[in-house]
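One structure coming up, written as structure tokens, with questions to follow.
We just call them A, B and C in the order they show up, numbering each chain from 1.
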Amino acid sequence: MRKGQYRFVAGFLLAPLALYLIFVIWPYLQTIGYSFTDWKGQSQTFSFVGLDNYKALFQDDVFLEAIWHNILFLVFIPVITILLALFFAFMVNAGGRGGAGGVQGVAGSRFYKIVYFFPQVLSLAIVAVLFGALYRSDSGGLLNGLLIKLGLVDGNNPIEWMNEPNLVLWCLMAVVVWHGVGFYLVLFSAAMQSIPRDIYEAALLDGASRTHTFFRVTLPLLWDTVQTAWVYLGIIAMDMFVLVSTTTQGTGYGGGPDHHSEVMANVMMRNFLYFGKSGYACAMGVVMLLLTLILSVVTLRATRRERIEF
Amino acid sequence: MGSTSAENSSPEGVGRRDLIKRSAALGLITVPTMSFLSACASGGGSDDNSGDKGTGKTSKDNPFGVKKGGGKLDVVVFKGGYGDEYAKAWEAAFDKKWGSKSAHTGTQEITGKLQPRFNGGNPPDIVDDSGAQQIKLDVLYKSGQLLDLASVLDAPSIDDPTKKVRDTLIPGTLDPGLQGGKVVSLNYIYTVWGLWYSGKLFKEKGWEVPKTWDDFLAICKDAKSQGIGGLAHQGKYPYYINIAIMDLIAKQGGLDAMKAIDNLDPKAFVGSDAAQAAIEAIYEVVEKGYLMPGTNGLTHTESQTRWNQYKAAFITCGSWLENEQLKQTPADFDMKFMPMPSLSGDKLPFEAIRAGSGEPFIIPAKAANLPEAKEFMRSMLSKEWSTLFAQKANSLTILKDSVSEGVQLRPGTQSTVDASKAAGDNTFNYLYFNWYSEMDVSIQNASNELMSKRIQPKEWLKRAQAAVDKAAKDPASKKNHRD
Amino acid sequence: MSAPITEPTKVDGAGVPPQRNARKAPPRPGDKRTEGMALNVFSHGFLALWAVLIILPLLWLVLSSFKTDAQIGGSALGWPSNWQFDVFTRAWNKGIGDYFANTLIVLVFSVPLTMLLGAMAAYVLARYEFPGNRLVYYFFVGGAMFPVFLALVPLFFMVKRLDMLNTYQGLILVYVAYSLPFTVFFMHAFFRTLPTAVFEAAVLDGASHTRAFFQVMLPMAKPGLLSVGIFNVLGQWNQYILPSVLMQPQTSSDPERYVLTQGLIQLQQQQGYATDLPVLFAGVTIAMIPMLIVYLSFQRQVQAGLTSATLK
């Protein structure tokens, strides 16, 4: 029996582990190897340079700035998305006031749940095209067009959204939030629906306001889900490659204006392909990897709480 | 031209062994790397040109020994403003002559398609490595992926076998293909860079082609008063505004100013009067509000299309503009090219233009069918193929008198021919952007800041100089020199 | 409650990107309506506004495919005039149909395989004690944190050595491998919560471990599988970086097998050299509408799947 059990375990693990080792772990380990070389990316020839790449990294202002931007994303994207999604989820599920003191969502909540999820089914490529057109820097862009029509912006001096150092990061964040809120709305609604209705009703009977109910009842019970959402959004915030490289200014994977929207991923790709400093790019990758690990551990620690059983 | 350094000896072999030896000390991490390396050493590492053994007999008409019948050729061309019809026509001609079978790829994604193939050791035989996703030539060169084209250039010309191919080309057009003193890319298309305007719009408004910067500014001012932008540029890619800036520097400071930049002089920008005059002139356009609204954030096609719709008087571009905008250009637009207007005290006359060659064609060192690739390139430099190109792509090649009589060119291209004639020997070009990608990008970034009014000319000079100084620090930069 | 409105306002204020803030009408202070009313108006307004923010750009994009290039460059608010469908034909002829087919071929295999292998691994890790269990688990889960492009080049060589570049099977296996961390993580949690009684009964009846898994445990895990499956469909559907490296023709005679994301990005890049913006918008519309239709038809299942994901 016991032996058979081991055979069973091994049999079940074999295929997934093999695939995972071959296609995921092995390449990552090789990347670490490359980071100690002066590999140029266009041929399999290089020599070993020790820690030079890593030393250079810490003097690379562009990369350091990119790290900073990723950190900003890491703070703002999850906070904004989660708060918005929570707010919407609460409104959709418990925002309405039923006649007999029951708890229900606002009218049209089904409609909202469906519509809000739309962006999530669009591939990032589509989102990139859409927002490229939306943020266009003259009257042909939807935002500028609207603002000019409303008389808020001078047609001769339109807002160059992606060419404004102070706006570009926010513009990028808006895209991610726009894209993600629906998903987390549905996720949080699901979690809210799993909260027994009598808890709400009890709260209502106690005379708690909706605000009160939200902060005292809903949020604590949702904490697990929020934590999961935080981790997903954190991963997105550490990436941002497709969006930055297709919608921002600058030669070689965007990142402009003047490095104001650089993120680690696109700096890495620029060095990797455009400048031919592939070994160096791999060192960036290793740093990204370490940062991601550290941040994950920190996030999980910081958000750990007692689970509330119900 | 350039110094002939002994760059050909491959430093790679040593490096690889070195890596394996030293990496043993690194233990766990490098174990996979090692086996990986030994695995790939057999794959991509062979340095002797195994594809170079033509199976056909060499002769005067067949200098590379292409075998008749059954040959293969793998052609990848950048499908940009010139399309790729010309390449298909060439391939058909080549296959007909040699009984070979050519495979054709036309793409915008040169990097995406080819980087893996270069890495994998199975590159195509001939590549037009161009466009926004070009694989940088300095990078390819440093990786030992480019064939020295000397054997093609020293072969007899098809049109006149008594001449070498290189002697049938417009002087100076091989220069952009230099890396480490060797021609490794053939920049096939004769290109001029400068300003463009609509003949129709100018006639309508009664504007004359401005010869001086003041005249230029006056037109911009007039345009603005009529609700038209003065200068448009393709702001999302600051490459284009750098055309104007660098042209102004060249004309103001002459050869010395250009050499200072290409040779990474510590006074290339800061301390260069020419650079200062040029950048201040450009900044005047910005400061006086003569830019087309929103132009700083537009992509090249967005910007060029707005210009085609008479929303700006001028735009900066190279001679591919007409082809790129074919569908967007109104029939009576009358697209015209002009040199950059003169600043006071210019060393070069108004007629001087940046002229040279573009669209780098390369033969990968590890191409599988080297004789065919070389013969293909030799054929490109024949009058027949050059004319094919002019017909299909509406552009001139670097071959002297490249087009047979009777080929009708579009107005924009015709105007570049006229401008070239007017310029005579007063043509110039830069080499730095093929040598120092990183420096080029840094200067572009600075220009973007300047155009958006976030930095002043002084700061631009400082930044450009910093980019030059940084490039000069790289020991590899010693191998390039402009005499 | 004396100041009931302030708190949710704060929530919302932090949550809205600044440029949108400007357009939202804040609840007027000094409004004497009751809390419920004010909140209702406010929340309805805000919910509706967000819905508009979702729908409007998408609609605008669809309308833009009926504009001419000149109109696209002109005012964004201009009404399209070029009501012809040839632009869609043009876009379709750029290969959108093939891109769709390729994407579907890959996903039809990769998602079920991901689920199967992920569930198998998660199951033994969740329910069997053996030395190294924790290690293997963390090994799997750790992979979820790494950015994909770190591994790109070595991955390329790996796939090349297996002779699977520009093949469906190559991309399918890679998709599966890169989806495993998340799948294992999720299913692991799910299997832990399943009751053991049924399983024990099955084993007592003489079922083997394998049979017990496939006939008892897997069906019980259906809600979990469904929700992870949805995550995987979305994730693999949107994948761009992996196919852009692995699904490139290796010789000029190798046929192109682009997936949809690649095809769209290529279409966008073609704009750089032969401007035809309406075609780009039409292409995006073609790619977008089937997804929306599929979503609308299955939205119940999607939402149910996500619901079960959070149920313990």
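In this text, contacts are C-beta pairs under 8 Å (C-beta built on N, C-alpha and C of every residue); 3 or more make two chains touch, one makes a residue touch a chain.
Worth saying up front: this structure is predicted, and the values here are computed from it rather than measured.
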With respect to inter-chain C-beta contacts, which pair, B-C or A-C, contains the greater number?
-> A-C
What chain is the most remote from chain A, judged by the mean position of CA atoms in each chain?
-> B
Intercentroid distance (Cα basis), chain C paired with chain B, Å | 40
Using CA atom averages as chain centres, what separation in Å is found between chain A and chain C?
-> 13
Send over the residues of chain A in touch with two or more other chains.
-> 26, 30, 34, 41, 136, 138-140, 144
Spell out, as numbers or ranges, the residues of chain C touching 2 or more other chains.
-> 73-74, 153-154
Can you list the residues of chain B that touch 2 or more other chains?
-> 36, 40, 119, 132, 302, 306
In their shared complex, at which residues does chain A touch chain C?
-> 4-6, 8-9, 11-13, 15-17, 19-20, 22-28, 30-31, 34, 41, 79-80, 83-84, 86-88, 91-92, 95, 97, 106-108, 111-126, 128-134, 136, 138-146, 148-149, 167, 170-171, 173-174, 177-178, 181-182, 186-187, 189-191, 193-194, 209-212, 214-215, 224-225, 235, 238-239, 241-242, 246, 265, 268-269, 278, 282, 285-286, 288-289, 292-293, 296
List of chain C residues in touch with chain B within their complex = 69-70, 73-74, 153-154, 156-157, 160-161, 165, 244-245, 248-253, 266, 269-277
Chain A residues touching chain B in their complex are 26, 29-30, 32-34, 36-37, 40-48, 135-140, 144, 155-158, 160-163, 165, 249-252, 256-259, 273-276
Of all residues in chain C, those that touch chain A in their complex | 1, 4, 7-8, 11-12, 14-20, 35-36, 39-40, 43-44, 46-47, 50-51, 53-58, 60-61, 64, 72-77, 117-118, 120-121, 123-125, 128, 130, 136, 139-140, 142-147, 149-155, 158-159, 173-174, 176-178, 180-181, 184, 208-210, 213, 234, 237-238, 240-241, 260-261, 264-265, 268, 280-281, 284, 287-288, 291-292, 294-296, 299, 302-303, 306-311
For the chain B and chain A complex, residues of the former touching the latter | 10-16, 18-19, 22-23, 26, 29-30, 32-33, 36-37, 40-41, 43-45, 111, 115, 118-119, 121, 132, 135-136, 138-140, 142-145, 235-239, 289, 292-298, 302, 306, 437-438, 440-441, 444-446, 448-449, 452, 454
